[in-house]
Every structure is written in structure tokens, then in C-alpha cells.
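Input: structures, listed below.
Okay, so subunit A shows up in both of these, paired with subunit B first and subunit C after.
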Partner chain A sequence: MSPSGPAYRKPFVGIAQAVGVNLDSAVETFNLTKAYGAVKALDALNLKVRRGEILVLLGPNGSGKTTFLNLISTVLRPTGGTATVMGFDIIKQPLKVRETIGISFQEPRGFWRHKPYHILSFHAAIYGLRGKERTEVVEQTLKDFDLWSSRNKRFMELSGGQGKRLEVAKLFVNRPKVAVFDEPTAMVDLDGKRMIWDRIRALREQGSTIVVATNEVREAEYLADRISIMKGGKEVVTEDLRTLKDSISGGDVVEVGMSPAITTGAMKAISEVPGTVRVTQVSESVLNAFVDRSEDWLPLMMASMQAFSVKITSIRVSEPSLDDVFIHYTGKEIVKANA
Partner chain B sequence: MSNIRRMLQITRVDLSYFFRTKWLIGTLIGLNVTDMLVVGIVYKGMMPVSVEGVLNYFQFYAPGVVITGLFFASFDVGRRVHLGLTEGVSQYYLTLPVSLNEVVLAHLLSAGLGGAIYASILTLVSAALIPQLLSLSTLALIPFMFVLSMGLAGIAAVLNLFSKTGDRYFTFADGIQTVMVSMSTVAYPLSIVSSYFPSPVVTVIKLNPLSQGAEALRAIVNGAPVNSGFNIPTLLVTSLVLLAAGVVSYRHVFTKLRDVGKI
Partner chain C sequence: MRELFTLLGYELRETFDSIPWTVYFWFYFGFQYFVYGQLVSRLVVSLSNYYVYYGTGLLIIMTFNIASWSGRRFVEGAHEGRLRYILSLPIRRSGLFVEQLLLGLIANLVRIGPPLVLVLWLNGMPPVALLTSTVVLLSMSVGIMGIMISLSFIAFKSFDIYSAIVASASAILIRFSTVLYPLAFMPSAYASVARFNPLTYGSDLLRNVMNIDVSQLLNPGMAGVVVAAVGVVTLTLGVVLVPRTLEGVKSS
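Take a look at the complex of A and B:
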């Protein structure tokens, strides 16, 4: 039996059964692995998606995001480990999983000659919408996603952005308990991006758990309750944005302006304030302090400056961007990592 | 919603894609009707009246054209599945709450229906000149046409299994279609075929599902009982064997899709 065969998966299926249903988790993986020969697209991933949250998977191309989404949607079969979706095992109960989860693929899926109206209508019919209700839902969804005027165009005649909006719109027809979006705004213009993001957030408000894979930092910042940074088929870190930014030592940069000029004593005092990672002098009267958490650091700094005859004239705080966080955890800028 | 209903939705969409592809339908009908027209006008008298008990070659050939049309329409499922695999639609089906077996069955069912519906249309066209075809016997034959059509789709499924690229699929499909039509009694009566080919080849020609279907329709044209033209068990067994091959092939194709991702 090859390592990819059922015998290899058996122990992990047991783990999922032993753990049982976790009411807090919409999705939970247990050493979930997908290998293509010697290449591991996903490497023993253990990840929990909490019910009702928007979890954004952030990572460069080839980091395993799409593979993860395809595995939990049962599009792909794992070569090791398993996962549960709303308590259903993806290997043992794939039909139950598919009743619960919906995926919007990275590339729009449709036959060339089918029209947006028919594509959504088919999707609605599969999920049990019938008659007038189906017509209403489909028409409203087409309008919501700015596809109404293109409803009778053939799929092959849609622009990249229209095709992508149609792919995303499918999940708003059946509103699954777990909605999975793979790069939902790739190929979509700026207005369209904002519209899709708002609708995804609204879907969460209506009770769905959302998983989004992206390599766009802005998208992740706009949508995420928590962000999971992935690299090389593994999860590097999963936290909310605030915690991720705070986790970078010296990530907050506080620019302090002083009058008449910065003294050696003041520089020394600032560098000794708890939470200071390093201090650099920018000009005669301006310095940059790299600190862990600026909100904790600033009162301490102000207190320490009272002993000196300098007046603080300006304070400007900038926190690390998500790109900085990504570099911190992966050693690469996300744009270069995608190249 | 029951799984059966979901499966039938996939069948409906797959079938509609066949009839929605207007250039394909136009070409198929054009070729089949042109075939009948040329035979009706030019070759009508080429066969002695006594052969096979039919009045002229047109009456002999039209049922053959109907069955050829059924074959081509049923075989189109292979093109649709190939498109589904390359355009990711098959992967989309696998995300829906239907089992892999139901997706497989949905495709073969749509092939069966496509072949039977298309053959019925051609039968109606032929009936304009051969009124005997407008009979209850022809209606009784439709379920057999459906089974035959599903069986023939099994061959397309086997081709899908062995063709990684569109080029290969369409080349193999052309080859298979040419061989199957040539090695049948679609265009020539068995009595003529028997005098040119060795007996093993004649047996193959007799067992060819296209021959079975054509002979059944000819029996109706002759006013004979439907089952006098073909052997029902032979047709059913041949079709079911091919259908089983189709089920196994599509199961393998879609399982592989689950293992390797988009093809």
C-alpha cells in the first residue's frame, strides 16, 4: 500500500473520532497533509477556525492556502491526517461536509456557453431553492454583485472581474454555514473589491463562518478577525491583527521631536524606558524610538523626560504594517514571496 | 433536497449543454439529414428490392443514420466531461452535496437521454418519407435506444480515462466512431457484409450495438415485430457491459481529479 492509500490515513481518522465534535470550531484539522509525490503542498497542518469568525490565510503562492481550502471542501483528498467541518469528518462524511461548506474557487468555474443567470439558478436548485424563491434569490444576487446587466451573456464573454464576481456570488445564493473564498477579489477592480469585502463581512454577520485565502495584505487587514500566515505548506502563526503587530519586537515606531535639541542624557533615558528596543537620532531635534507597544511606552517615556530640561514638541506613532508582520514571520516581503 | 434530485439537476445541466451547443447540433443534424438526402436522391435504387425486404436503399439506410446520430449524440458526453475537467466544472460538481457515484451516473444518464432524444428527432425526420416509423413499435423501441445510448457513452468514458489532452481525446473519438460505424450494418446489409469478411469479423459486426439498433429500426420499417430485427438480450448485455465500463472509467477519472486537483 502506498503512503497515500487509505491505510496511511487510518490513524488520523481515529484521532478525529477520538477528539469528537468541538463546538467552538467550525473547521479543525488534524495533521492534515497533502503530498504530490515528494512535494508536500500541505504539511501536517493543525489549525482551528472558530465558529462565526473570518479567518484569513495569508501567504505567498505555493504556501498551501488553496490546497487547504480544497481539502476542507472535499475537492481534494488528503494523503495524511484529516479535518472536521462543523463536526463532520472530511474523509468519512464528505456528503455532510459538502452540505455545510461552500467554496468560491480562485478561478471562476462555469461552462463557456452557460449564462450567469443559469449558473446561479443551477447552484440554487442544487441547494433546494425552488420556484419563485429561487428566481428571487438569483435575481437579487445578480443585482448585488453588479451582474444584472450581464446575466444573459455567455460565461466565456464575461470579463475577468465579472467571472470572479459570479464565482463569489454562488456562495451568496445558498449561504453555507462555512463559506470559503479563494482570493475573492483577484481580477476585480477597486470598487468591486470593496463591495465583495462588505458582502463577505455581511455574510459573517448572518452567521456564516468565513475562511479567506489571499496574498493581498489590504484584503487581509480589511476582513480578518484572525490571520493565519502560511509558508511552505505550514502554518507559521495564527493571531488577530493587533496581536500579530504587537508581537513584533520594536515594531511600533515613535518619532519624538524635542526642543531646543536632544541631549545625550535624554537619549540615554529614552533608551532605558521599558519596552524600548532601540533609539536612533534622525536630526538634531528628532529621534525615532522602536518600541514594543507604543501605548504602554509613551506614558513611561513622558515621565522619564520630566527630569530633563527639554520640551517635547511632537510625537508621531506608526505601527508595523501587515507586510512588516509577514516579513517578520517569513523573512520575505509578501510581494517578493509571490514572485 | 434528495440526492436523486440533485443528481438529476446535474443531468439536466449536462444535457442542456449538448443541445445548447448550437454549432454542434447544427452540424450533426446537417450531416445526418444530408446523408439521408443524398441517399434518397442519388443512391435510392442501388439496392435490389429483395435485399433485407426493404423497398429501396433509402429505407434501408435511414434507420442506420438514426442510430449513427444516436451514437454521436451519446458520445458527446465525452467532450462535455473533457471540457468539465479542463474548465474546472467537474471540480465544482465535486463540491456540491452529491456523491461521486451520482456525478458519474448523472453524466451517463444525460448521455443516454441525449442519444435517445436526438435519435427520436431523426426518426421523426425520417418518418416524413418512411411513415412506418410513426408507430407504437418505434415508441416501444425508445427505452432500448436509451439503454443503447448509455452503453455507447461508456466508450466515451473509457476514452476520457485514457486521454489526458483534448487533442488525444478528439483523435481517439474520431477513430472509434469511424471503426464502429464501418464495422456495423449501418450502411450495408449483413448479407453483403458476410460475403466480404471472415466469420469472426461478421460476428463482431453482428454484436456491434450500432448494428443491433439499426436492425431493430429496420424491422419496424419492414412491418415486422421489433425483436425480429435484433436480439434484446444481446443489445441489453452489450449495452450494460459498456455502461459498466463507463461507470468504472468515470469513477476513476473523478477519483483521480480528487487526488491530483485540476486536470
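Take a look at the complex of A and C:
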């Protein structure tokens, strides 16, 4: 058996548990709070990021997403509570945390007069890459992020999208155990977005835990293992996308077409099918049923219709979008929330 | 330590990337010393050799300006976001403060070095004076940078207020000191204010180690203690205040 096998892991698990380290969570917060005077940017947040997952934070502007990322990266210091990153406390062991985590900021941050090559080379040097290895990693990263032809431009001469790609690329130089991205594809074109998403997923496949803050529904849907919706500095809900969509009562809309026409009895029977929230008649032969889980509801509906002399001619199912989920939990549409 | 020196090397590269800026400092010194200094020293007859006195004063003004620039650069780095990036790297906060000081000292040394050598050479001063005067100028530089960086917490609230305070402090500290005129020649009201000014002690200490008009100067021992004390106090202030300021505790 390899040294990393179960027989060797067990004692370490015991030790970790004895000293209170949670081996399941890469990041764990304990009433994490950041206040600016009377305003709480983050309000007693308790959140767990599991090891090896991609957790996407979704929330309106001012919901505390960026503050959370800055706190767990030790760029900011909390005014209350604490958090651990791979078992290291952000207040007591900030240097260990910074060795473990990497952050890609919302706005490209760095040395304005330097060139992309030197910026990544510096980043690599800070994390201990030397000589030929550093050169190879930096060159490959520049190529991966479509920055090779711009490598000798000054940072301030790059376009917004190039600057953002460079900001994201930093984390692919040192590949931290916990990689944190704040709006990784803001200002990036459609091709670039897909490229960055694929690279973030690949980073996770290589063992990193990923936390992404975003306002983009497509980004969240493409990347997330779990989505955490935040509002007013608090976590509202954290679940996988499927569970979030299913959590909306009546979120699935089933459009049922009947022939020759919908009868009063059929309408009543459908509204009594378990899981039905409400039924509305759209036309003489079409109705919309708002149900909890269409996959459970459909067989029951079909069975109940056998007693009636109507023929079902069409069924179309649409599930709630993430935007619907967002409205459900925050009371705001994503676009309006971020306006 | 490795990370600290990597960062220092990188920031030095950025600092001296702009060669015209460094050349400007030497150009400024040349004009002030060889044109303005020559002319104004003809007007001053009550001091035996004001030209030499003025030359040392000019070195102190330049040290003050370059050290202030270090503080300003620190603040600008925060506004541009560079500092936040550095804060995310595995470098100790106190180490970061020391790195900023080292950066300022090296920038000071490069920019002040040639003018200092010129003043010493033109006035026939011994080589040992180069060493001692460099130590004094750099010690003053530490104190000034410490003050400017420690004041940076004001800039996080308002960059305008910070700029106004730094500009006012510069005007007051230089005028109410012995940088441009000896204490003995000042009206008593001015002199009493100048005695509380650390720049007075720094200026007199520099002239002492250069052996200029010793009779007009403050006791070098006392001046040395004041310069060292200012350096230690501002360093301590910086080490304590800067991390708290940067990590946002002050704003809570």
C-alpha cells in the first residue's frame, strides 16, 4: 500500500481531530464579521467550503462576497469571529494561510509599470519557483491565457480583458491549495470566459479547492459544485444547483396540452396531484401546472388523467433558472441587484 | 526573508525603471547648488561661508523630499491596488514595512549619493566625511519615511488631506529649522520653535560631521540622540500602525 493510503492516513486523522482540525473543510468560518463603523460588510458568517469543491458565491453588490474573500486571504482582518484555511487560523497563523491560499482580485492588482512576463515571474519567485522551472511555468501560463503576444507590453497598456486574464493567470503559476477568484471573467470576452472556466475546473481536478465570487449566472452554473447565495453580509443558503432549484416551491412549470379540451374535472384532478402548487389555464386546451419536482409529479399526473376522457397531446417542462432561485432567496433579480 | 528580498529587488527595478526621474534629482541639485546657491551666498555676508552651509541644507531638503516620496509611493501603491496584492503574498506585515524602508533608503542613497560626493569633493572634505554624512542622512531619512508611512492611515480616508498635511509639514519643518540658516541667526521666537524640530538636530549633526561652522551648531551628542530617537519612534509607530491600517482594523 502506498504511504498515502488509508492505513497511513488514519493516525493523522486522529491527531487532526484531537487538535480540532476539520479535514473535510478547506475553509471554515466561525461568526466571521467585518464591520466598518455601524455597517457590517460581513455579519457573523458561518460557512464551510469542502475540500476539492468549487463553491460559487452569488449575491448582489454589497452582500459581502469580496469582503469574505479578502478576509480568508488575510488581506483584511476581521473585527469579529475567525476562519480557518486548510486548518490554519487566519488571525493566529496568517503567514501559513497566505502560503496556502491565493487570491485573484476583482480589479487587476499589481505593478503598473511592469510587463506581464515580469509580473508572473515575480509571482513565481515569491512562491519559490527558480531558474528553468520558473521560466517554463511562466511561459506556459502566458500561452495558456493568450497573453504571449502581450508579454512585453506594460501592465497599464493592456486592455481590460488582458489585465483581468493576467490577474487570473497568477494563480496558475503557483497553483495554491485554495484558489480564490473574485469575478474571474469580468471584462473578458466570450471565448476568454470559456477558457478561464475550463482552466479553473482543471485546477480543481489537480487538487485545488476553488472559491469563486460572481454576479454571472452562467458562470455559476458552469463552475459550481455548490452555490452559496449571500445577502447583507450573511449566507442565505448553500446547496448544489439541483437542490437549489428544487427548493423553490412550484418552481417547475409543466405545460400540458389536452385534446379535445380541458375539462373542469381534469383541472381539479391535476390540482390535487401531490406536488402541485397551482394550476392556471392558458387556453382552451393548454394549462400550466406549477409543481415542486416535475420528475416526481409527471407520472402521478399521467396516472390521474387515465380516469378522464381527455387525451394528453403535449408536455413541456421548464425548470427554474438560477435567476429565479436568486430572486426567491434575495428578493432581487441578479441584474437589478448589481446595477 | 527570501520573499522579502525578491519583493525588494522587484520594487527597486520599478523605482529605477524611470531613469529621467533619478536624473531629475541630480539636475535639480545642480541648478540649485551652482546657480541659486552661488547667487544667494553672495547676499549672505554675516556667515563666513554660506555657500557650504547652503549646500548641506540642500542635501537635507533633497533627503526630506525623497523620503517623503517613499511615503507617498506607499500610499499610491495602496490606492492603485498594488499594496493589496502584496498583502496577499506570504510576507510578514512587519517585514513589508522594513522592505519599504530599505527601498526608500536605497532610493535615497542612489539619488543623494552623487550630490553628496560632489559637495564633499568641491569643499575638500576628507573621505571619512562621506561615510559619516551618509549615515546621518540615511538616519534622517528613516525618521522621515517612518513619519510619512505612519501618516498613511490618513490617506486611506482622504488622499487630499494626506497630501495637504505632507506638503504643510514639509514647508513648516524645513523653514522652522536650521536647514537654511543657523539657530544663532534666528529671531528668538523662530529659534524657540526650531529647537523642537527634529530637522534642526539632523541638520546640525550633518554639519558637525562635515566640520562646518561648529561654533554655530547644537551639541552633536544631543543631536545624534534626537535623530536616533526619532528614527526608533517612527519605526515602532510604523510597525504597529501600518499593519492595522492596511488590514482595515482602524476603519472599524
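Assume the second predicted complex is superposed on the first by the 320 of 339 C-alpha atoms of A that agree within 3 Å, B and C clash if a C-alpha of one lies under 4 Å from a C-alpha of the other, contacts with A are read in each partner's own complex, and residues count from 1 in each chain.
Rule of thumb we're sticking to: contacts are C-beta pairs under 8 Å (C-beta built on N, C-alpha and C of every residue); 3 or more make two chains touch, one makes a residue touch a chain.
If you're wondering where the values come from, they're calculated on a predicted model, not measured in any experiment.
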Simultaneous placement of subunit C and subunit B on subunit A, clash or fit: clash
First (subunit B), second (subunit C), both or neither touched by A:His114: both
Partner chain(s) touched by A:Ala35 [first = subunit B, second = subunit C, both, neither]: second
Subunit A positions touched by subunit B in one structure and by subunit C in the second: 36, 70, 73-77, 95, 98-99, 102-103, 105, 107, 109-114, 118, 122, 125-128
Of subunit B, residues touching subunit A in the complex: 1, 3, 6, 9-10, 13, 17, 20-21, 83-84, 87-89, 91-92, 94-99, 258-261
Complex contacts: residues of subunit A adjacent to subunit B: 4, 36, 70, 73-77, 94-95, 98-99, 101-103, 105, 107, 109-114, 118, 122, 125-128
For the subunit C and subunit A complex, residues of the former touching the latter: 2-3, 6-7, 10, 13-14, 17-18, 80-82, 84-85, 87-92, 244, 247-249, 251-252
In the complex, subunit A residues that touch subunit C: 34-37, 70, 73-77, 79, 95, 98-99, 102-103, 105, 107-114, 118, 122, 125-128
